[in-house]
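Two complexes, one shared chain (chain A), two partners (chain B, chain C).
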Partner chain A sequence: MNHELRCYREDAQAWLAEHAPRYSGQARHGLSFDDDLALARAWQAHKVEHGYGCITLPREYGGAGESELKKVIFCEEEMHYDLPLVYFGISLNNPLPIFLRYAPQAWKQKLGPATVRGELIWCQLFSEPSAGSDLASLRLKAVPTEGGWLLSGQKVWTSWAQIADWGVVVARTDASLPKHAGLTYFFLDMRSKGITVQPIRRLGEEKDLNEVFFDEVFVADEQRLGEVNGGFKVAVETLMIERYAVTDESGYGPTLENFIDLASKARLNGSPALADGEVRARIAETYVERQGLRAIHRRALEAFARGQEPGPEGAIRKLLLGRTRQNLAAMALDLLGANGAQLAAHGHSVNDFARAWLDPSLRIAGGTDELLLNTLAERVLGLPQDHRPDKGVPFNALAK
Partner chain B sequence: MNFQLNEEQSMLQASVRRFMEANCAFDKRSQVIDRGSFDAAHWQQLADLGLLGLTVPEEFGGMNCSAVEAALVMEECGRVLCVEPYWAIAVLAAQTLAATADPKAGPLLQALCLGEALPVLAHEEVNARGNMASVHTRATAIDDGRWRLNGEKSAVVAGNVADLLIVSGRTSANSDDEHGISLFLVDPNAPGVERRDVRLIDNRWACHLYLKDVEVSDKDLLGSVGHGFAALRHGVEHATLALCAEAIGVMERALWITRDYLKIRKQFGQLLGDFQSLQHRMSEMLIELELSRATLHYALSSLEHSPAQRSRALSVAKAHIGKSGHFVCGQAIQLHGGIGVTEEYVIGHYFKRMTMINGAMGSSMHHFEQLAARERSIGVSV
Partner chain C sequence: MQADHAEDLASIREQARRLLVDQATPEHLKNLLNAPGSFDQALWRHAVEQGWPSVAMPEQVGGLALGWSGLAVICEELGRLTGALPLIANALTAHAVISAGISGHQQLLEDLTSGALTAALALADPSDSGICSPGAAKESNGRIDGVKALAAFAAVADVALVHGVNERGDGLYLVHLDQPSVKRQVLEGFDNARAAAALQFEQTEAVYLGGAELVSEISSLAALATAFEQLGGTHACLDMACDYARERRAFGQAIGGFQGIKHKLAEIYCLLEIARGCAADALDAWQQQRPDKQQLTCAARIAATRAYNLAAQENLHVHGGMGVTWEAMPHHYYRRARSLALELGSVAYWRERLLTDLGLESTTVEVGGSA
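== the complex of A and B ==
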């Protein structure tokens, strides 16, 4: 890693050490949902003021106009603090950059800076009940009308739709074409008439996911991003914006250190849990895997710095972290004994082993384990693609 | 071992399934959960069907059935994810009471069978983790025949509805000794008893019990002073078997619900069930289920054997079932995808229940260690 990037990291570390504590850890303890969200907005605005908000986005909208690598470095450092970042995880990383690439100038000026500062939040309306891993099979339809389109149908698993001001949505505009070819991409005001947002209750009680219903929602044609029937390409581009997303190295579960801390206080059959062979082996395995993942991560960053595309690192990382998080949490529940039987009040998956165990959505959301394994088999190992009976068939001719 | 159910057993299974599906189905649970996971009308029906006293000796108003019948009922509880306290009262408390052979236990059992008494065993403490003899709650003698109880009992299932508590307290010896544990009947409303009700992650209700200078006398003692462990062990062994049987019902339904889902859910133009990798996953789940069922049969057939053989068979079953159950129910969620992680859909609740079954009466980890320790100490052949 070159000198400039090393300096950038050191500056970021110093800046975070000075500013992050007021927005993280103790400062968040016991906050209501609304207060935590307000703190999150304040942190985002504060970062923008100091050149750390939306690092890769153009300066004219409030971004820092810097490289992707600097963003990765800052995210790594920022993750060491328990900051309220979740509400912006989608908004700033996917819908906003794609909006800034495709939207008319006037719209960009109207919504761009306010979104960068965290005043506006965006959601991404992609998945549907019948379109999960297979996004292109979505059914929400957009019918042409005077000056625009009328959208009807249902989206699901939409993160933060309940607090979103704007959203990006993919809809089917021509069902007589094969599934990928008849889709169009729009952005829209989430307060539009005809939109209903319903929360989804999750096993670990997190309040992020929603179902969103569209009943003849009017969207002006100037809010189209990309060509008519060219929406699938824009959707894939949205998902690929972060070519290498920085993920927490504990899979958004408690850390290995948290586990060791818990094990050092627990007893098994009258002896310290840390003396137990299985517990020691689990700690050692997790440690070895973490060192390996760190090396893979460094290799990805080096490739980035040389201007190369990232390889299979992201998929490998997500697969392993999902498994390890569950393995650690399962053993932690064993060590917690009767106390593990409850969800800690104010807990979340990062600090509560019971929640980390109960909600396996890391292995499902953003590409299931099975889809990632397919990707590795097809893209890296060069094995043939699965049989796809719907390939090239008009969408409306497919059996439902 | 005879694996065939006899005619009476088949009839019992059919009638319990009818009752469970009619009364305890998933879509009917939420009101019962809001009422503390207890429904008085259901309870009366369970009494009328003879199920509350299923394994209680006839002289106390029970049906005097074996652990096999109890396992059949528990398997049905598992299939529908019944949240009502059948296990806590009709298995754990009933078996413990019967094993005390105390004259006070008779009338209590009679009332239990009729659904008129709801006694609950308050034994497990926060650090016990399956070690049955781990009792830190102290029963300190005040004078002849009177004690003061001090201590805490954690996550006492059905403690929220108990009208009588059977509390294990240490009258002598050290905290992990089998000797020196005594059982006392305690009124949940007695001075010094504080009850904090909690809803567990599987939607059962329990209570944490805080005992502060609770006075008891020899009128409240079950069995003799310092000799409560044998009855506890009997109760816990039957309750462990019952949990294993419940787990089979849980796994079985989770497996078949998932199989059905793979036959209707389409992605990429084909049924999920068409993907061979997912077919193989389901076959692995089936293997785990069948192995688990076999360990249950092994444990059931070992109940009449020596204590050492019995406890080894129980550890084999509980260790295996906890581990397999995590795999089967975890994969059931994974194969469902997003719908699997929602509270509204049933499959995640099988996983939650399985998590709690593994944690109760000693987790897989505990029982694997019991087996290993036994190997080390006596070098038995397996």
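== the complex of A and C ==
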């Protein structure tokens, strides 16, 4: 890693050490949802003021106009603090950058800076009840009307729709074309008439996901991003913006050290659980996997710094961490015995094995395990695509 | 790594790959598997001409001084084609003799460097599934007695690095195998191409090179270099399986289009990348002499053994009926993956070494309770 990037990292570390404590850890304990969200907005505004908010976005909208690598470096350092970042995870990383690429200039001026500062939050209305991994099979329809479109249908798994001010949405504009070819991409005001947001209750009571219903919601044609029926390309571009997403090396679950600590105190049939071969094997396996992933990550950043495109590292990482988080947590609960079934009141997935186990969504969201394996098999190993009976068939001729 | 060093390594890799593709033909490899204790004399002669044994050796004994990364490059290429040469044993025997700082071995060192002599590593005991265990070979007054389990190249090697014990504990010994008191027993095995033999010593002259620390260093370095050989083998298996899965058709499509096959191969790819990452980090730790070099080596050994075993096993499986024929190549890797896993100690053995290094030694864990 070159000198400039090393300096950037050191500066970021020093800056975070000085500023992050007021927005993380103790500062968040006992906060209501609204107060935590307010703290999150304040942290985002504070970062923007110091050149660490929206690092890759253009300066004219309040970004720092810096490289993607610097963003990766800052995110790595920022992750060491328990900061309220989740509300902006989608907003700033996907909808905002794509909006700034495609929207008319006046709209960019109007919404860009306020979104960068965290005053506005965006959601991404992609998945539907019948379109998850297979995004292009979505059904929400957009019918032309005077000056724009009327959108009707349903979206689901929409993160933070309940607090979002704006959203990007993909809709079907021509069902007589094959599924990828008849989609169009828009942005819209989440307070538009005809939108209903329903929260989805989750296993661990995380308050992120929603269903969003559209009942003839009017969207002006100037809010279209990309061509009519060219929306799939924009959707894929939205998902690819973060070419190298930084993820926590424990998959946002407890660390290996937390597991060793727990195992050191646990007993099995009157003996220390640490004497058990299966427990020891799990520790070794987790260590080895983490070590391998660290090496892969470091090599990827070096390649990135040399100007190469990121490879499949992200897919390997997400695949392995999702499973390891779930399995390590299950074994930790085993070691706690019958009392392991308790759910601590203020536990969080990063420090509580039961909470981590109760949220296996890392294996599902943003590409399921199976989809990631397909990606690796097809893109890296050059193996054939799955059989796709809907290929080239008009959407309205497909079996429902 | 310096830039010129990187260029040297790249050209060594290129050379090695070309030579091995020429020499390690299927027919040649199958002949070696046919008889117990086979040693690939022809390939060794070519390797000596190319200077492979000298790659990691220091300049004062005539080596190229390219370090462990030089050895790693050749081991990886060797692993790709299931070649078997005593490069690791030669390099580590020289390293151990030099570390011991004893005089009078200049000729031996030069011969190990040129390849005029070959070495074997005899670290395993017949009575323990690990390596460097309390031991069936005992030394006193410069003489060693006892037995060592099957060791690669021991059927033909001139010298061996032998793990034994004396009254002070662990020891690593240099033993000339041409002494009449050394018995080599060659046994029929599933990987006959590694010139393996069990060794028996009776009042055999042995030169003490060092204690537990040296034993640990040599076994770690052997595991590290072997990890690269395992990586080469893993990669070859994955390539072979993918090629076959793209070609072979069933139910109207290439079998690589079925998730049962493609997901299996993608999982192996993940294990390969993890193993590659661990091996690269461990190599780096040795080059920088970092304090975590032992634990990173354990990780590299575990990851490489896992990856190669699964890749070899599933490559054979993907080949279906062809996989179980003598004629097809998958069984060469199936055999080699297992023999490399056994020679230097199982995954369970290295797991314990790793956990010990992490401060979770099994002996400090109180066992038994009130039973």
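Definition applied: the second predicted complex is superposed on the first by the 397 of 400 C-alpha atoms of A that agree within 3 Å, B and C clash if a C-alpha of one lies under 4 Å from a C-alpha of the other, contacts with A are read in each partner's own complex, and residues count from 1 in each chain.
The rule is short, and it goes like this: a contact is a pair of C-beta atoms (placed from the backbone, for glycine too) under 8 Å apart; a residue touches a chain by one contact, two chains touch by 3 or more.
The structure presented is a predicted model; accordingly, all values stated were derived computationally and were not measured.
In the superposed pair of complexes, A:G270 makes contact with chain B and with chain C alike. When the shared chain is aligned, chain B and chain C each come close enough to touch A:D386.
Touched residues of chain A, counted separately for chain B and chain C, are more numerous for B.
In the overlay built on the shared chain, the residue A:D189 is in contact with neither chain B nor chain C. Once the two complexes are laid over each other on the shared chain, residue contacts for A:V288 go to chain C alone; chain B is not touched. When the two structures are aligned on the shared chain, A:T368 is found in touch with chain B, with no touch to chain C.
By the touch criterion stated above, A:I260 is placed in contact with chain C alone, chain B being left untouched.
In the superposition on chain A, A:D334 contacts chain B only, with no contact to chain C. Residue overlap on chain A between the chain B contacts of one complex and the chain C contacts of the other covers 269-270, 370, 373, 386-387.
The residues of chain A lying in touch with chain C in their complex are 260, 264, 269-272, 274-275, 277, 280-281, 283-285, 287-289, 291-296, 299, 316, 319-320, 370, 373-374, 376-378, 380-387. The part of chain A that touches chain B in the complex is made up of residues 127, 130, 132-134, 137, 156-157, 200-203, 267-270, 276, 278, 326, 330-331, 333-335, 337-343, 354, 357-361, 363-365, 368-370, 373, 386-391, 393, 398.
By the touch criterion stated above, chain C contacts chain A in their complex at residues 238, 242, 245-246, 253-254, 256-257, 259, 261-263, 265-267, 269-270, 273-278, 280-281, 295-296, 298-299, 302-303, 306, 348, 351-352, 354-355, 358, 360, 362, 365-371. Those residues of chain B that touch chain A in the shared complex are 124-129, 131, 154-155, 176, 198, 200-201, 206, 266-270, 275, 277-278, 326, 330, 333-334, 337-338, 340-344, 348, 351-352, 355-356, 359, 363-366, 368-370, 373.
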